[in-house]
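We call the chains A, B and C, going by the order they appear; numbering starts again at 1 in every chain.
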């Protein structure tokens, strides 16, 4: 079975005592300003590249134009409906994946025999690039939201599963022994000891699952899949006369969506697991 | 059984048990699938036996691999791997520079984070239309998609180098080039590999997607054609082949990773 | 009455790795028995066998006459690693209350016990803190409060004060002695510190190393109510601590 991963995909390490950086409001403002400056620089570079007109400007509009169009899309109900469609599919799929992956991960992480028996099945399923089953799903389930939810769930289940397994295996044996010494029953131990202890890693899995889910959900919308969603919007704007500014603006906003989803999960994690890193080494 | 044989006997028994626990559920799952598929008779769910037969017939006969295999899978895999490697190389080089330049961190991170969060499939239509659908452009597309996670991880890896190491290196007057090669890069390697593991599957997604939208050969093209002509068995066969390739690439990658990282504590 | 009886107990972790060999002793109801021995002599192993957390290889443990297989009822453990034994995701109050939920006590009674036991260890009003916001000594007091709230008949303590500073340690020793008298439960107290073992105990068992077995047993002849300065300068204390020290020195 695969090693667990953190957001950046790196092998997660056991909890270590560490101080979470607490930024003061002023520090946060400075960081925000620096980030904005960096983003502005990137935008400027894009602007210059576009203005050089190495590529036909009808195909590659300058940044200023794209940003203007993005602002327009942000208040355009026709676009927001598509964002909503994508969001519903991604959140629904990830929720379904979590409902499967977390209990299964607790099982696999707790019982060696379950790990032994299920690993080959999981490894073979996981090897299939999620995108490959989209055509089949379209045939079976049609192009509706259930197809999108299913494909998102199929790809989102793995990071959640592996991180849960790893989190469960990482539960401190002394904590488990304490629960046993007080004769706490198994189900309550899972609920009150194992899951909270695994929560930081599970949430990291959730962050990865959301990113992968959004990637594949949009891929499904672009590929063949659907008649709605951000991906469909981009595809339509690309092929119906190619409104370059609209397409680029929509792509940018899709990036913002991914960025926000990531940021919200991070914020949620920080609120939910105040204790993470506070334990002993 | 005599006492002297007991441990060996127990070991053999344990081995058999382990094998049973490992393979039993898989075999059971496949048998169940076969039985369910036969019982249901749904056109969408052919029994695994027929799928396996189709896979063998299409790609794995006449001694080992058919001509079709090279036609269908060859170019696709080559494109994905080239794009993936180019993306990784670019990500590492830029990531090293950006990671070492500490003052730039606050400015660089948010845009890179944004580009990493950008759902890459969204750029596929744009890329194909703006830059065309030639092989080079497809590879460029995959490269663009694969750069950001590696870049971000490299930067973080470089920054996470224990300052003690660098202070020690400086104290011993070790030249910067050696510091980079012997201290910074080795310390960042696990994160670099982690980024590359993420982008390996991303490269396959982008490859398949780009072949769906515009291509006249390749695995993605095969898959989408099979779907459009309702050749369900071929759709399943393509899924299995992609799964096999995904598995193989992952195994190779993990082996390489283990070799490179073997000298470090896990 | 015998609260706890250990007979011919042996424990090995895998073949040829014995940790305990043929240990026998008993603890009477309401007694505080110290077990003292050098690091690695199998004290934790012994305690886990008594608690039913690991199975014995040979021999048996009886708690109130019942043979131990699995954790017996009415028993609580205070682990050496308080930091790992307190759950960092639960506040202090929740940590103390958690084992009570399994006892199916009504909420009001649970609250009452939490209050009382936190007060008994001098941590009134700290319910809403997280354990990691407290000092090491305070954390170990939370662990003791958790055990007290459980109202065990037998309390096992595994080097509970080994990782706190000396001053805090004296305070915690007195606290242990006080709650022992106040709550009247049987306590099995494991330590590698000779002074501590003599100061706390009604009776004392000295263990030898590799594999752990009983080296000596002695009754401590000190008054029931003790004081760090007064008791430790009593001739009886001084004599008995050197007896124990001599035993351990001879064995090594």
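Convention: a residue touches a chain if its C-beta (ideal position, glycine included) is under 8 Å from a C-beta of that chain, and two chains touch if they have at least 3 such contacts.
Everything numeric in this text was worked out from a predicted model, so none of it was measured.
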Centre to centre, using CA atoms, which chain is the farthest one from chain A? C
Quick check on this structure: which chain has its C-alpha centroid closest to the centroid of all protein C-alpha atoms? A
Please state which pair of chains has more C-beta contact pairs than any other pair. A-B
Approximately how many whole Å separate the CA-defined centres of chain A and chain B? 18
At what distance in angstrom does the C-alpha mean of chain C lie from that of chain A? 47
Centre-of-Cα separation between chain C and chain B, whole angstrom: 53
Touching two or more other chains, which residues of chain A qualify? none
Using the touch rule from the top, collect the residues of chain A that touch chain C in their complex. 172, 174-175, 177-178, 180-185, 188, 192-193, 196-197, 199, 273-275, 278-280
Any idea which chain B residues touch chain A in the complex? 18, 21-26, 29, 44, 106-111, 113-115, 117-126, 129-131, 149, 152-153, 156, 190-191, 194-195, 197-198, 201-202, 204-205, 208-209, 212-213, 223-224, 226-227, 230, 232, 235-236, 238-239, 242-244, 246-247, 250, 266
Write out the stretch or stretches of chain C touching chain A in their complex. 48, 51, 53, 71, 73, 75-77, 79, 81, 83-85, 87-90, 98-99, 101-102, 130, 132, 150
Chain A contacts chain B in the complex at 5, 8-11, 30-31, 34-39, 41-42, 55, 59-60, 113, 116-121, 123-124, 127-133, 135-136, 138-140, 211, 214-219, 222-224, 230-231, 234-235, 238-239, 242, 244, 247-248, 250-251, 254-259, 261-262
